[in-house]
Amino acid sequence: MAEPAIKVRNLYKIFGRRDREMVEKVKEGVSKSELLADHSHVLGLRDINIDMPEASIQVVMGLSGSGKSTLIRHLNRLIEPSAGEVIVHGEDVLQMSEKALREFRRHKISMVFQRFALLPHKTVIDNVAYGLHVMGKSKAEQKTGAMRWIERVGLAGYEDNYPAQLSGGMQQRVGLARALATDADILLMDEAFSALDPLIRTDMQSVLLDLQKELAKTIVFITHDLDEALRLGDKIAILRDGEIVQQGTAQEIVLDPADEYISSFVREVNRGRVIQAETIMDTPPPPGPPAENSIRVEKGTVLEEVARRMTEQDRDQAHVVNGSGEPIGTLTMRSVMAGMATPVLKDAIE
Amino acid sequence: MAEPAIKVRNLYKIFGRRDREMVEKVKEGVSKSELLADHSHVLGLRDINIDMPEASIQVVMGLSGSGKSTLIRHLNRLIEPSAGEVIVHGEDVLQMSEKALREFRRHKISMVFQRFALLPHKTVIDNVAYGLHVMGKSKAEQKTGAMRWIERVGLAGYEDNYPAQLSGGMQQRVGLARALATDADILLMDEAFSALDPLIRTDMQSVLLDLQKELAKTIVFITHDLDEALRLGDKIAILRDGEIVQQGTAQEIVLDPADEYISSFVREVNRGRVIQAETIMDTPPPPGPPAENSIRVEKGTVLEEVARRMTEQDRDQAHVVNGSGEPIGTLTMRSVMAGMATPVLKDAIE
Amino acid sequence: MSRTIDQEYRAFSRAWGDAIENFFRPLLDFLLWFENLLIQTPWWIVLAVVVAIVWFASRSVKITIGTFIALILIGVFGMWEDTMRTLSIITVCTLLSIVIGMPIGIAMSRSNKLQAAINPILDVMQTMPSFVYLIPIVMLLGIGLIPGLLVVVIYAMPPIIRLTNLGIRLVDKEVLEAANAFGSSGWQKLVEVQLPLSLPTIMAGINQTIMMALAMVVVASLIGVRGLGQPVLQAITNQYFTQGVLNGLAIVAIAIIFDRTSQAYGKRLQRHREASHG
Amino acid sequence: MSRTIDQEYRAFSRAWGDAIENFFRPLLDFLLWFENLLIQTPWWIVLAVVVAIVWFASRSVKITIGTFIALILIGVFGMWEDTMRTLSIITVCTLLSIVIGMPIGIAMSRSNKLQAAINPILDVMQTMPSFVYLIPIVMLLGIGLIPGLLVVVIYAMPPIIRLTNLGIRLVDKEVLEAANAFGSSGWQKLVEVQLPLSLPTIMAGINQTIMMALAMVVVASLIGVRGLGQPVLQAITNQYFTQGVLNGLAIVAIAIIFDRTSQAYGKRLQRHREASHG
Amino acid sequence: QDSCNVTISNMNWASAEVMAAIDKIVLEEGYGCTASLVPGDTMPTFASMTEKEEPDVAPEMWVNQFREQIDKAVDEGKVSYGSEVLSDGGEEGFWIPQYMADEHPEIKTVEDAFSHPELFPSKEDPSKGAFYNCPAGWGCQITSANLFKAFKAGDKGFVLVDTGSAAGLDGSIANAYEKKEPWFGYYWAPTAILGKYPMKKLDFGVPHDDAEWQKCTTVADCADPKKNAWTKSEVFTIVTPKIEKMSNGVKDYLTKRAWANDTVNKLLAWKEDNQATGEDTAYHFLENNEDIWSKWVTPEAAEKIKEAL
């Protein structure tokens, strides 16, 4: 595989005046809560190492306060780390001159903020055009560029309103449009959909997926919504107390959680939508052509879809085929149902 | 049933200088987008009528910008309506004197804000104690009251930090603790969990459910998360463009969406966790005792649970029994699977 | 017409002068007492007390030492007594301005009507040349501390009023809404939310009020207030620039001591601002 | 020692006075030209132009009509020429103060060191009695418009510097972070974010600068600036209170016209603030 | 005349204001000069004249206030004396209001007044008598203080009240006068105040002793001041070398013109009655006192001026 778009190496961030000093303590093994109680410094990130491949969506998840926003802010150097390196497209962000950093932020990377951070004195259209304006685009370009995204996020008609006149979700969409309008290669999205209703959210998710597929954008996406993470994330990293506890694909994490923490984390997920047929199929398929009453599903189909087709066509067997149409395994209604039902469901609800 | 805790009658809210005048226009049928385009007034709410029963959780959902926050703000009169009535525990909130309103807000009703609205100059503990402080509680009471909730929302150790030093989700939990600490009868929660990760969120949901069950709190809860809505909501109301388009229980809404809008809205839901066995069972059950290979599930069990038990016990039939143990219907593995798979799933993903 | 107005003012001052003078008598007595206290107490006690007050308010070693050195220099250059006189009246004027001005600013912030009504008054207070009302005030009250105090307060009060008003009006609406939602009374909102959050702006008002009060030292001396103003005036007519500059610097020193102490105190009340720096 | 300092200053002013005077020559020429323009243009043209400027800046009928009436009254009471002279110098002083002061305030807001260095200078500018430097300035530059302008600007500039600094420092960190994230240059951040968001505070600075400039009209008249200051002083020595008050009111009127116009203009730049009211 | 361009200092007290206005009219109408009035306080004006030779004329300078500096500047050739504009000189001394004098005919001298502190109670400490001193920084401040000491007023129960400025002093008189309260202090004539508030100058009881005056009475911190009395106070026109060099009669005019206190007092009373400006009063004077001013100017100039009126 090509060089990753973003490489983070040994990144530490400690909030407080004597952060450099505290890095040593943390390296010696002082925990987040000890650091807070004994030294009044907050551990933001501890020894983060992560590669984010080009043209993919990297999802970051984790408990509230685990350092997700802190991490994403390092990627465009809104925060100076206490130690470590951040390399984007082969360039060390932390070594950039002020000018280089400015150019980098203008053209290469853009961001949606968790708390929106709109410019309260600018109308919706001026907010959205802000990135273009900073680049020095002409008024007309700014306007068309902004309007395109305003319409896309469903705020047409509100161009001349001020942020304070919008609902929370509308404000979030303004922030989204603002980040998308600059057409940067890398998008940093800090809980960018948290205030959206399911309909608009699904719509925005497809916008992101399209962007990533068609324009090969690299997207770093923080979310608390597992279903969203699983739908969007090519790769998922899970943080806890400033450390990465697991990285991998959605499947890997749902099916093989690294520890108790992660398994409780993913317990809530709608497994039918994550787990793919080949993950739970019986292999190898029995020799010979598949049974009459077996439906054919492609590799990569999620269980819910398999279940839907089975019930629609009133069958209770399926065979999974690979790209070239050869059967690679079989499924029964029972195995599908087992895959969909959460093993630990009982204690999860109430 | 007893008198509802909160009754809203013919409530209109229009944002803009000439709101009274615009109410007439809206009554004549001017739409939200027309009002914005032609009169530069924003329609917040249109003819809202809703009863929220005592000691229950009323969930409010709807598209971003549909008026949820506006509605909830009317309940404690943070916004003056353009027309209509809001009656809480039999008293008209809009007729209250300033003093009565103050007492009402201090003791009867408390609120979690969508954008947190913490007091930036107060530490976490002082923020949480704010409601108690306003009531005139002693320092010691404030402290114990606040600490109890700080611990409960998982922020112990951060009492002396300022809001700006906390992550988004931590700030949201401060807002939550602040609202809960006053021990008011009515809780207004505007996307109170939107910034929380699934673990803490589940935990907070159970806090709410406990409060409602044990202390008979009336809770009005805005959320965009359908699963959350379905788990918490005794009743759900769905808003669109300032109007209520459907009200009912979770089941009613998922299974019988009033229109295209609502059905697309609930499409994403994890049906296995909402739909109960009796909803899809075949009735009446065949006469005589249930078949040998049929497992027994109680009325009210959700499909996912039925599926789990079926696969665990390796059966493919189930019978549903009512409170007194009499069978009231049967289920097959197929019908369970059909119930769990979303009928319109295909166009929903990608 | 001018003549009749003049006549009427004269008649008014004849009729009411004594009453008004009596009204101010207690204040005058206090001012005299305070001035005497500062002058008659041995210098090292005054020095110690001032330095202690500065320390407790500011908790800043730098400011405290600066104050100490400034006062010592003032003593060395023989300006102690004048400085004490100025210190005495300016302390009272500044405190009065703040104590009266802040409530007015608060009231203004709550009502647009009141704001519209008071603003022109403040404009007049700040730009009507004090020379214009110097003589009418003296006619009414004679020369000395009371008219001096009035002149200083009239000029020094507007900034604190204006900036209190501004500061409170700029407090974030969301935060106020939260305070409302918990049923805060007007007073609670003021004390718990509005004042703390508008503190930086209010402190700028206090800074300007201090500056204005000290800028009026010379004007006050025109109507018989003793202190550092008179040597300045003498220095002009005699073209003793150095004397003028020295006394001027003593005035500046008082201003800086007042200002830095109050600002450091204000800073200590706003710890949350530092907290947000990454 | 005092004497030698005095002597040296004299020697310095003799040696350099002319050079400095020449340096200011263009400014003086401009001031004279502007003053003459205002005085020699027929009054109704000046009136029309002023009213038009007020209208275009403020877009407020009330302020425009108020200005019109005030100027008519000034004419009726025979203060037109003096008012024009004062208007001319004060316009230049206020603009100069703002044009010089705002960049200094901006620079101060960017560096704590610079702030610590400039603050005491501002304290001196505001509290060093102008009487102290009146004569040295006159020795250097003679009496007339230039020293008058200097004295006014020295006194009027600190508020705009301080409040620009404060305003910018109070801008919400989150919003600035967003501006940074899009790669705004320092200048873009300033113009697009910091200045607009600190506008209410900066406008308070402008208000105070206008007030201070007009408060100095009388002092400027002590060193040869013609205008409304002198009649005020004459009124005092002659105890013509009404004349004093009338001329004082003309000064106040100019202050109010300047202030309301600039404030209304500033308000128009902050439409978003109204928007947030329910 | 080709290059006759004169700037005249316009001080802000009544007599100076009127004389400045007269000078302007006379120079413009009579001598064809361009004359402009420049406002300014005494000291800034004086500093500007010595250092920058501008304005050219200060019509009325009370030289006692800062005699040392004027003499020095004259020696250095920076300025020179013009006419003694108040030919009778200013009258300085210690005064009480006329109503006090009427009520207490026994008070005739300074000594008498100083023996009755109870008649002039101080506002700040009514057990003491108050003596209102000359404004801060003026020459008379030292003189008055020394005389105060010479008369042992402190021992007799008086305190010296700092008035700060002419405005303060005037105000204190007005304040006392309106309420018919006692007042005792330094003042001078001719002034508008004395027109408005008739006052009585007290006799010092001793003649003017010039040697003592130079040696001690006007010297700050003089150890042992003796009783002494003011002689007339000299009030001069001060001009710059530019005027000195003028040959067209302007210089002559400025070194010649002078008026008597009587004339000034009458004029100021008229001004006061009409609340007139300096310019109005100047015209009033020129129209009604041709006999006086025609002696100041060349006959041709007088003609032109008359024409202009």
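To keep things simple, chains are lettered A, B, C, D and E as they appear, and every chain counts its residues starting from 1.
Here, contacts are C-beta pairs under 8 Å (C-beta built on N, C-alpha and C of every residue); 3 or more make two chains touch, one makes a residue touch a chain.
What you see is a predicted model; the values in this text were computed from it and never measured.
> Report back the single chain whose CA centre is most distant from the CA centre of chain A.
Centroid comparison gives E as the farthest chain from chain A.
> Can you check which chain pair, D-E or B-C, has more C-beta pairs in contact?
When the contacts at D-E and B-C are counted, D-E has more.
> Quick check: how many Å separate the C-alpha centres of chain B and chain E?
That gives a centre separation of 88 Å.
> Using Cα averages as centroids, what's the distance between chain D and chain E in whole Å?
Chain D and chain E have C-alpha centres separated by 35 Å.
> Quick check: how many Å separate the C-alpha centres of chain A and chain D?
About 55 Å separates the centre of chain A from that of chain D.
> Provide the list of chain C residues touching at least two other chains, using ranges where the numbers run on.
Each of 2-3, 6, 131, 134-135, 173, 229, 233, 235-236, 239, 276 in chain C touches at least two other chains.
> Would you please write down the residue numbers of chain A that are in contact with two or more other chains?
In chain A, 15, 115, 161, 164-165 touch at least two other chains.
> So which bits of chain E are touching at least two other chains?
Correct list: 43, 47, 167, 170, 174, 275.
> Enumerate the contact residues on chain A facing chain B in the complex.
Residue positions touching the partner: 15, 33, 36-37, 42, 61-70, 114-115, 157-158, 161, 165-170, 172-173, 191, 194-202, 206, 209, 224-227, 231, 264-265, 267-268, 270, 272-273, 302, 304-305, 307-308, 310-311, 314, 316, 333-334, 336-338, 340-343, 345-346, 348-350.
> Which residues of chain C touch chain E in the complex?
Residues 2-3, 6, 10, 13-14, 17-18, 21, 28, 32, 131, 134-135, 137-145, 221-226, 229-230, 233-239.
> Could you pull out which chain C residues touch chain B in their complex?
172, 174-175, 177-185, 188, 192-193, 196-197, 270-272, 275-276
> Hey, which residues of chain E end up touching chain D in the complex?
10, 12-14, 17, 37-41, 43-45, 47-48, 50-52, 54-55, 166-167, 170, 174, 192-193, 196, 271-272, 275, 277-278
> In the complex formed with chain C, which residues of chain E make contact?
42-43, 47, 65-66, 69, 123-124, 132, 135-139, 141, 161-165, 167-168, 170-172, 174-176, 178-179, 275
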